[in-house]
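Listed after this line are the structures, all set down as structure tokens.
Two complexes come next, and they have one chain in common, subunit A, joined by subunit B in the first and subunit C in the second.
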Partner chain A sequence: MISKVNECVLFTNLHYKVEDNTWVRVNDDGTVTVGMTDVAQSLAGPVLHAKAKKVGTVRKKGRPIATVESGKWVGPVKSPISGEIVEINENLASQATLLNKSPYNEGWVVKMKPSALEEDLADLLTGEEAVKAYQAKVDADGITCTHIEGTEEY
Partner chain B sequence: MTLDLSMNKYADVSMEEKERLFAEVKADERWHHVLYGCYECGICVASCPSARFYDFSPRVIAQAVAREDVDLIYTLMNDSIWDCSQCFSCDRCPRQNSPGQIITVMREVAVKNGLQTAKQALEGYGRIIYKIMSTGSQVSPDMLQPDAFPDWGVHVNEIAENLDIWRKALPPETLHTTETGWTIDDKTIIELYLIWHMTGVMDLIEGIDEGLFMILVDVMEERLEDAGYDVTFD
Partner chain C sequence: MSDIRLVDAGTVPFIRSQTIYHALGYTMTPDTPDTIVFARPESPYMCLGFFQDVEEELDVSFCKANGLPIVRREQGGGAVYIDDGQLFVQWIFHHKSLPLNVGQRFRLFVKPLIETYKEIGVNAYFHAPNDVHVDGKKIVGTGAVRIGEAEVVTGNFLFDFDFDKMVGALKVPDMSFKEEFANSLRQYLTTIRKELRSVPDVAVVKKTYVDFCERILGRNVVAGNFTDREIAKMIELDAKMQTDEWLFQMKKRRPEHRIVKVHAGVYIGASSFNVRGAKAQIRIRMKGGTIDAFSVSSDTPFLRKEKAVLERTLVGLEMDDEVLRERLGAVFPDRKNGTEIEQLLKQIRKIKNLKPNG
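Up next, the complex of A and B:
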């Protein structure tokens, strides 16, 4: 269920867009939850602000669904799927470091109603395939994940 | 200390491409006011703070462009120009050369042409560019984080943790901000976004950092639409 590559945690049941460092969890109610990976939080450093787009925003995959700022870095969370934002993680407004401490659980970014889920999932990697792709990425880029105090234990 | 001329670090390009890049530098309208002649007095190097800490010399810049040594200029454009702190101390040149301004032009050409080294050099400034372009305020108090500025010493922890209180201790209410340097009014922001739009600055950003471009466009289009402007940056 959980794998580690260079100290970076990966949940093998999630679907990853490796180059954008995002993940997708398919929920029972037909929605999907989207978030940033452990690699992303590690590269960003302690997050200061995370602002998601408004509920109701319709986004094509690859377009930003949130902006994340750390001390010296800013970047988009690019949507790994196309669809409509139906819920945003309100807790991030006051506790942005949830993205660092719990990137796959409490630090989720948005929930979306997908418009072409099967097609979009085909572009994402999951299970051992995702782990292998991440291993290649962290090796190539020389990334070793770091975790701030209070990070969730896996 | 020697200048690294091994071309291994940069994309190798043809002589024609190097000449094209330098021609773009020379075509800049500032060009004829920044380079006259050099008699090697060394005043620019002596006054240059970057020269004290890096393998950097403003005199090398001025002489390379004066000689039109496009090989060396290409190397400098990928390397040395990013060591300059743009303080313009070198403007005290008795011949009125301005290596600092020559570098400004060279940097702009490097950015406009999307050189990989320009992207790398600017990577660490993403949040500063985002701040100045989206808010008009370059440095925000909340940038003072222990991980980003360990050189500020141990008290940076306390400042970062209680930033809101520290800011409220400042007498002018316009400084009671943490995400921007000061309170910025709507009129200023709208004017700023329209300037970015009309001058093509966003095209530069798109060539350098696609992610940054995306989030800036999102912020600007939404705000401009609320103010009654029908403007798109894509």
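Up next, the complex of A and C:
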């Protein structure tokens, strides 16, 4: 299920850390996939480089799991959950703009084995709650999402 | 809003001109004031963007021979030569004090720089996405990074620039590429001295800049000092940022292709390839989406014979396959639709698609 707030796309089945603009998808195998939101890619602009931490890295929530560069700005992607990185999206090394074009699908950042999933998910927002929180955020901060050529259509 | 702290660090060791803003970012707490720093390195060095590979970007032997240490910053962008001809301006602000949108953040940051340049007689203007130009030439380069709770943005007043050191330190495929880069840099980069034929009093520049910051940001800028905690972090980072582990953390290889940035929108790219069993290389200076300069070298007769025509006729053309195919077909009418033309197009495409350094 997809919602849009100020042109910003949200998947209501994902769990969001709204202040860090990251999302979590819970997978059937017990891992979670983590990525940047449409809001994050809009604020950053076209991403030139992305580098995730190595597989095996253990991260507490709030710590960086990847670094991205857009234009001349470099910034972290903060982990919305605690756990171990078990897979990184290798495609981002050569096609960092996947983060812009497909933030919820091909542009995922890492997969993690969570260490306290239930507890961490309780801190995240999903469904209509996430949509409402994002609506408040984009209104307060005057954000309208923009999409580069080749962006996945929803 | 609260006052902004101004720290004029003066002339500092080369590494400190980078570690100041990193340290202020890492040590920022909710009580830390937004801070503007002036700093000037006492000796020259080469500075790499976070995602750059030292050995791909720099002629490390030249740097060693010329006493140029290498520093990797956490900011983005490309490799740059830095010396005391530049006055660094660094903003280390709480992330909530600056626009969330990176493009808007750069626009705000360059405003007082531009006004100051104008005040001293340099007709500077914003050049999207994040540079300042004078008559089509770059005079300010910027960089930004999120460190902890801080958003950092940096830029400079470029009083003088050692073009030869910059050209010498950058790794390029051959001497002709180096010459092209040197010419382009002189064509597309300017300095306060070049514009005014003299250098204004740095104290006046600083004072003017602070006045414009107060007006543009609507906040008082008040002189202050670094805290002991901030200085301790600088000392820690002075050491860390010179380790091989930090410097050589990025490894990339693109042996057949090379691209260097002159300024945003102007790049020089080269590609080596084989055509009819002979080695060939093309080099293109790209400006916007067009070919600004083109050169070719090859042992194969068909390219050698039409070298002069090629180097003249492709200039000014849009880097579009159809446009170029038609023009190449006119240069080589007997090879129209032939594999050689497609090979040339493929190399031009590769150069066009090489990711800029920032």
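The criterion applied here is as follows: the second predicted complex is superposed on the first by the 154 of 154 C-alpha atoms of A that agree within 3 Å, B and C clash if a C-alpha of one lies under 4 Å from a C-alpha of the other, contacts with A are read in each partner's own complex, and residues count from 1 in each chain.
Keep in mind that, in the parts below, a contact is a pair of C-beta atoms (placed from the backbone, for glycine too) under 8 Å apart; a residue touches a chain by one contact, two chains touch by 3 or more.
From a predicted model like this one, the values you see are computed outputs, not experimental measurements.
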Using the superposition on subunit A, tell me whether subunit B and subunit C clash or fit. clash
Please work out whether A:60 is in contact with subunit B alone, subunit C alone, both, or neither, and reply first, second, both or neither. neither
Could you look at A:76 and tell me whether it touches subunit B, subunit C, both or neither (first, second, both, neither)? both
Tell me the contact category for A:49 with respect to subunit B and subunit C: first, second, both or neither. both
In the overlaid three-chain picture, which partner chain does A:141 touch, first (subunit B) or second (subunit C), both, or neither? second
Please pick the stretch of subunit C from 186-194, 204-212, 312-320 or 330-338 that overlaps subunit B when the two structures are superposed. 204-212
Subunit B/subunit C common contact set on subunit A: 45, 48-49, 67, 69-76
Residues on subunit C engaged by subunit A in the complex (per definition of touch): 49-51, 74-77, 100-103, 105-106, 129-130, 141-146, 250, 355-356, 358
Considering only the defined contacts, which subunit B positions touch subunit A in the complex? 124-128, 130, 142-143, 145, 147-149, 179, 211-212, 214-215, 218-219
So in the complex, which bits of subunit A are touching subunit C? 42-45, 48-49, 51, 67, 69-76, 141, 143
What residues of subunit A sit close enough to touch subunit B in their complex? 45-46, 48-49, 53, 63-64, 67, 69-76, 78
